[in-house]
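These notes concern the structure reproduced below.
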Amino acid sequence: MNYQEARDTVLQELNTVFEAVDPNQVDQMAEMIINAEKVFVCGVGRVLLMMQAFEKRLNHLGIDACYVGEINEPAITDKDVLIVASGSGESVVPVAIVKKAKTFNPKVIHIGSNPDSSMTPYEDLFVRIPCRTKLDLPGEISSEQIMSSLFEQSILLLADMTALLIADKKQIIDLHALWRKHANIE
Amino acid sequence: MNYQEARDTVLQELNTVFEAVDPNQVDQMAEMIINAEKVFVCGVGRVLLMMQAFEKRLNHLGIDACYVGEINEPAITDKDVLIVASGSGESVVPVAIVKKAKTFNPKVIHIGSNPDSSMTPYEDLFVRIPCRTKLDLPGEISSEQIMSSLFEQSILLLADMTALLIADKKQIIDLHALWRKHANIE
Amino acid sequence: MNYQEARDTVLQELNTVFEAVDPNQVDQMAEMIINAEKVFVCGVGRVLLMMQAFEKRLNHLGIDACYVGEINEPAITDKDVLIVASGSGESVVPVAIVKKAKTFNPKVIHIGSNPDSSMTPYEDLFVRIPCRTKLDLPGEISSEQIMSSLFEQSILLLADMTALLIADKKQIIDLHALWRKHANIE
Amino acid sequence: MNYQEARDTVLQELNTVFEAVDPNQVDQMAEMIINAEKVFVCGVGRVLLMMQAFEKRLNHLGIDACYVGEINEPAITDKDVLIVASGSGESVVPVAIVKKAKTFNPKVIHIGSNPDSSMTPYEDLFVRIPCRTKLDLPGEISSEQIMSSLFEQSILLLADMTALLIADKKQIIDLHALWRKHANIE
């Protein structure tokens, strides 16, 4: 395996994934985020890292966002949106959080590959990234990459595509002016 | 060493430290926090963990607080307070942050043991916890504990004492009602 | 409320708590940690921060420790110890983690106030800090402090007392030599 | 802006970036990582999140990795590699860390866009992702995305391509067997 092969593997797999994503689901996610009072994101491992990158960009866009477990996490309410990312929809901690959160009645968005999981009964919107994670479901895109890398990459890119839709919907024209909301003492 | 000896060591050292803290400095810190638009906390290692515990309690008290490096960290301004904890006042990263922050002109509070450090020129208030850390300065309280444990414990207790002063100044009577600002999906 | 009153409240409550802790439980915890291949710590909110401070000190003492959720967290095995701190023993995420962990058969230590919780069936050792948290159980020490501050302070001090017992059992004489295991690029 | 436009923007920009990356630099990075005793990663904001994703994958590949600031971070030595990601090479905290680290003489890899920065004198290897970040340098690829999204995405994909090269060099054939090193109590 050399660089060119690794590069082509990654980029071609990503092209296949994003051909298969449903534009309506992404658009609905952008709308729900804009209409939320606050946004909470949730996941585990590398998936959580990608959702934290989403959270950070949402704050730049003027949307009040945090991750579940953040030091300054506030209480969730029925005006908020919880976005949980889990390929299988069966990760122990996210499932526990979704069930607990639902008692406070926020809108729940699930980003995953499995349309029929333990999370399904709690979801207001399912955004499907149809690539194989730990399970091996019909219609899933297979990958030559390590473990769930393709799913994790797809979450980051989906988040940044959604950020572009949100900027457009909020008519934010000068994307560079967003730096003023950015942490300035790093 | 048995439990009783360990317990007596820790509790007696803490008593000695808090006899030596200057009440006026603590009171001034509480006032500056109340008057800030936002509070940023900063530190490294176990000291950072203690400052994050302070941050979390400040949020419960209705004060908008984050740590430097938090995912949803906003930009700092001249209406904010930066509280940096560093025993020696010489830790590389906090010193770099204080210098950078000062270009945006927030108030700077330094909690430490060393009254004459690289941070001193940037400080608006120095709150002295006079226990030995890595340096060995005159007037410092020595410790039989591991590394800087006594300093770290002192920061947590000082933070919680300050929280009591803030609650009193803000006339928050029902301390149990603060749970409503607390993260509710853990 | 002035500084002296806040100080006396905090220090007197801590004295009362540590009079009531069972020395045998602390000693057993120190033994189990020394005999573990790896130590995992777990908790939520300020309790997690205190457990992370424990984890950091254990690493200084040459014990391989991480928190559940840490980026470089390895797989848990039956040679490891999981230490979960939860006053009530009912926090949703820690309970889910304890149940999941138990399928890999590590030793489980619970630090809490409630001796009869959802975690009890999974515990190999219960270390009681008998101060009131969200529940209000018989025999618990009440507190004038905000929310569960007394419990959180008690975890940190218990951790540092336990660290002293571990250093003694491992015959680590030069506590200052521990700095060589410490992160050196902060 | 609709989903298809956002998708095409992101994927086409990524294609342009990875056409421009130098394969030799990526190969050298993979070699240096394999030969290191430990790997430290460093960055700020979303860049740090991407580097933490890299760190996590390296651990799966049997490489001992942590981020600068992690709770269980050990001391760095001259057998280690520090990988710092910063587009401009001028971020205050990473520059301070690189300078401090260099006193312990690890190998330093810089992933960035600016080949002539404050970090340059400390670098053993520069891996160029030639897309515009805060500066606007000759030869840089411009982006229609928000802030430095393209740079951040590129770090993640570069990390995952590098992971494929490392797996190949270490002759790890069964990529799915890597799950056994993965955190198992999430």
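As written, the chains take the letters A, B, C and D, and residue 1 is the first residue of each chain.
Just so we're on the same page, contacts are C-beta pairs under 8 Å (C-beta built on N, C-alpha and C of every residue); 3 or more make two chains touch, one makes a residue touch a chain.
Everything numeric in this text was worked out from a predicted model, so none of it was measured.
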Q: Any chance you could check whether A-B or B-C wins on number of contacting C-beta pairs?
A: B-C
Q: Let me have the rounded angstrom distance from the C-alpha centre of chain B over to the C-alpha centre of chain C, please.
A: 22
Q. When the centre of a chain is set as the mean of its C-alpha atoms, what distance in Å lies between chain A and chain B?
A. 35
Q.
Residues of chain C that contact two or more other chains, please.
A. 44, 49, 52, 56, 69, 71, 92-93, 97, 100, 182-183, 185-186
Q. What is the shape of the graph in which nodes denote protein chains and edges denote touching chain pairs (line, ring, star, complete, other)?
A. complete
Q. Which chain B residues qualify as touching chain D in the complex?
A. 44, 49, 69, 71, 92-93, 95-97, 100
Q: Please give the residue numbers of chain A that touch chain D in the complex, ascending.
A: 1-4, 6-7, 9-11, 14-15, 18, 21, 23, 26-27, 44-46, 49-50, 52-53, 56-57, 60-61, 91-93, 134, 145-147, 149, 152-153, 156-157, 160-165, 167-168, 175-176, 178-179, 182-183, 185-186
**Q.** chain B partner contacts - residues on chain A that touch it in the complex
**A.** 40, 52, 55-56, 59, 65-76, 82, 97, 100-101, 104, 180-186
